[in-house]
Amino acid sequence: MTDTNARRAALVPGSEGAAQGLDAHLVVDRGTFRLDVRLTAAPGDVVALLGPNGAGKTTALRALAGLVPLSDGHLRLDGTALERTAPEARPVGVVFQDYLLFPHLTALDNVAFGPRCQGFSKAEAREQAAGWLERMGLAAHAGAKPRRLSGGQAQRVAVARALATRPRLLLLDEPLAALDARTRLEVRAQLRRHLAEFEAVAVLVTHDPLDAMVLADRLVVIEDGRIVQEGAPADIARHPRTDYIAQLVGLNLYRGEADGHTVRLAAGPAITTTEELSGPVFVAFPPLAVTLFRDRPTGASARNLWRCEVSGLETHGDQIRADLTGELPLAADLTTAAAAELELAPGAAVWATVKATQTHAYPA
Amino acid sequence: MTRSVHRTRRTVQLAGAGAAALLALSACSSSSDSSTAKATPSGSASASASSKISGDLTVFAAASLKESFTTLGKEFEQAHPGTKVNFNFGGSDTLAATITSGAPADVFAAASPKTMAIVTDKKDAEGTPATFVRNQLEIATLPGNPDKITSLKDLTKSGLKVVLCDKTVPCGAAAQKALDASHLKLTPVSYEEDVKGALNKVVLKEADAAVVYKTDVEAAGGKVAGVEFPESSSAINDYPITLLKNAQNPAAAKEFIALVQSPEGQKVLGEAGFLKP
Amino acid sequence: MTPLDKSGAAAGPRPGRPRRRPVRAGRRGVPLPLLVPGLVALAFLLLPLLALLVRAPWATLPDQLTSSEVWAALRLSLLSATAATAVSLVLGVPLAWLLARTNFPGRGLVRALVTLPLVLPPVVGGVALLLALGRNGVVGQLLDSWFGITLPFTTTAVVIAEAFVAMPFLVISVEGTLRAADPRFEEAATTLGASRFTAFRRVTLPLIAPGIAAGSVLAWARALGEFGATITFAGNFPGRTQTMPLAVYLALQNDPDAAIALSLVLLAVSITVLAALRDRWLTGS
């Protein structure tokens, strides 16, 4: 625990004792499930909580918003303790997964709701709301009821509504999950711009690594109520430390004992790498780096050559993802043409090779 | 063609006559029973004559008869083992309306000739109803009569909460008759739907006084105080009783009517506050 | 290596969720096991009303309805039922909210108790009201001695009796709507700085308006037809406490034709009001 804290302190310079930003230790006990997560962030940071379903991401978000009480721990925002503050008194804005725009109010009045609650007159609140909608490019839709808005528009109204309260902490719960693929691309880019402009702390919850990596400066990966890895997106993508993350970022990941250029896996064969390491390490390589052969390739070196069997095939855009079992369980990507040529089908026996230069080993 | 139709009709007539004869037979036997009972109105005699009486008997009776008829019903069941007397007590008007709508009943005892007329007008009664008791109005006041009510006129004092029965029910009509006879104008707080409703308002101390029957005051025990008033003599209610045409058990019905009219029955009714006819 | 590009693909295809449920199939082919009992139910409900129309004394109807007592009773019925509905709304909606949105020990019991007036014979309800609020009642005694207020035999008593039997309908209806309504809208409102009451007033109330309207109509209808509790608690005095059901009942005692005529008036007025409300409120939005 201690070295984790030290690393976090290093990641967020000045987070300890600094008045600005978010400093939270969220503990929520719910019978069989326990969330125990430490989060720190400086103003301007965008932190993404990434994790599988049921990992506790949304619970963490609700705890930050005050919708779920903390069983233990603390929550400080810009130096102010908030753990006992009612949700309506917290300077926290939330963009809910399905937005929860009030269906009986227009887009304008949805956005004006926050300022109204903060004591602004109806006219003032509406003026502010109009400004936010303008910034979101939604001025033309100010009078529309939520059900008349497209998914992307509704999402932007939800962001505007959350920002209109001028929060010091902006929480976004799966902000893009409700959108279809085409809208998602566009809205993601807009959201990235708005988050970049946002001067306080933003925390977003997502199970989509692409969203997390595009939107966030820092990823916090939660599994089963605990942080399993955190860091810059590129770092995590390159050095996954759990199967879940490796799968998320599309890498084959193995844990083993390195001895020079060879990593001996706990159960199974060895992998030759370019890095020279010793001790416990991770080895990762992308599925695209795997080459498959129907017959044992002649002339190829015996290094990184494994006998496998196809257990499943899946179309992935213009690629085919082959899941292999055998000497080394792995995922391989190949073109549709190549798959046809190899006559791949579940149960087919294949040979898989990976060049040492395509692998990446790092200390565990 | 004509012949066969004629013959069919005759057959029906014959069958009808047969049924009528059967009915007449049973009626004869039962009427002889009741005449025996009438002739020798002692308990033992009626008991000996009652050996043929059995089965369920349904009596529709005015609400004010509840206590005394319940007692008589038990006596009847004891005197005639195997019988069961079912009572339906209610407002005489409601009962009359249900009888004319075809409700199955053997005996109807009403609280006024007017309500009985509803049944006789529809030819639902068998024979002529007989008056078996009379009921006199009385003022029911709070226990101890705190408002010192001694006459009908006292009820018109302002500030006094008086309830009357609605004019559509016998006790209300009688009260109105008494008020009219003494040229009094009384504005009650409520016209209750039946006499028990009126009495209960005083029992619950929601009203200071009610004009009800003497029998109701008796039945309420110490919960109300009764005040007799002279004008009540102008509004004495006759209670008629009759066997009904649709009676399922006419034998038992006649026997019950006889019991009500017997000295024994009159004693029970007298204890409840009823006057002899 | 370009992990970012690949990671997107590696995340797996998003399940292809259909955008909308398929358009509802045509109404043709109503299943017989639904159609037959449904029609029987309709006939069962309408037959008594039909009988009322068939047996109505149409020839003497105008004469029957000229008496001022009829119109006084009708006016009182409409006024008191509306007032009872208003009372039920003001007190019942908050109660429904408490039952639906808060957690307190014995909530299940409280919910059962709230529905008690539904199963209580109305006359018993009237007696209970007398014992509670009558001149000699548990609370009524105090009202009398402190403020000189006695409730029985007043129009207020009519409203109280009607509200007593009608409010459960409203509470149950509104509570059901509240339970069905997404409580996260209230959460969203609180994250925007709204207190719980503001969230209720500005978000929940508009959201459950259809349920409140439906509950009000139920309560109003129940109040309009109320008889037992009213006659027991408020008595029967023309113009003050004699509502239409009381007038009908008493008319039935010696003049069934008048009773039918009065029933027709009550029926016509209720149907008109309910139809108007349905058009304006229930099918709105």
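All chains are identified by letter, namely A, B and C, in their written order; residue positions are counted from 1 within each chain.
By our rule, a residue touches a chain if its C-beta (ideal position, glycine included) is under 8 Å from a C-beta of that chain, and two chains touch if they have at least 3 such contacts.
Values in this document were obtained by computation on a predicted structure and should not be read as measured data.
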item: Chain labels contacting chain B and also chain C; value: none
item: Two chains sharing the most contacts, counting C-beta pairs only; value: A-C
item: Chain whose Cα centroid lies nearest the overall Cα centroid; value: C
item: Centre-to-centre distance between chain C and chain B (centres being mean Cα positions), rounded to whole Å; value: 41
item: Distance from the mean Cα position of chain C to that of chain A, given in whole angstrom; value: 50
item: Interchain centroid distance [CA atoms averaged], chain A/chain B, Å; value: 87
item: Contacts with 2+ other chains: residues of chain A; value: none
item: Sequence positions of chain B contacting 2 or more other chains; value: none
item: Interface residues, chain C side, partner chain B - complex; value: 127, 130-131, 134-136, 152-153, 231-232, 234-238, 241-242, 246, 249-256
item: Parts of chain B lying in touch with chain C, wherever the complex brings them together; value: 91, 93-94, 97, 114, 118, 161, 163, 166, 168-169, 188-193, 197, 201, 204-207
item: In the complex with chain A, residue positions of chain C that touch it; value: 1, 3-4, 6-11, 13-14, 19, 182, 184-185, 187-196, 198, 202-203, 206-207
item: Touch list for chain A against partner chain C, complex; value: 65-67, 86-90, 92-94, 96, 100, 102-104, 113-114, 117-118, 161-162, 165, 180-181, 208-210, 213, 233-234, 237-238, 247-251, 286-288, 314, 316-317, 319, 360
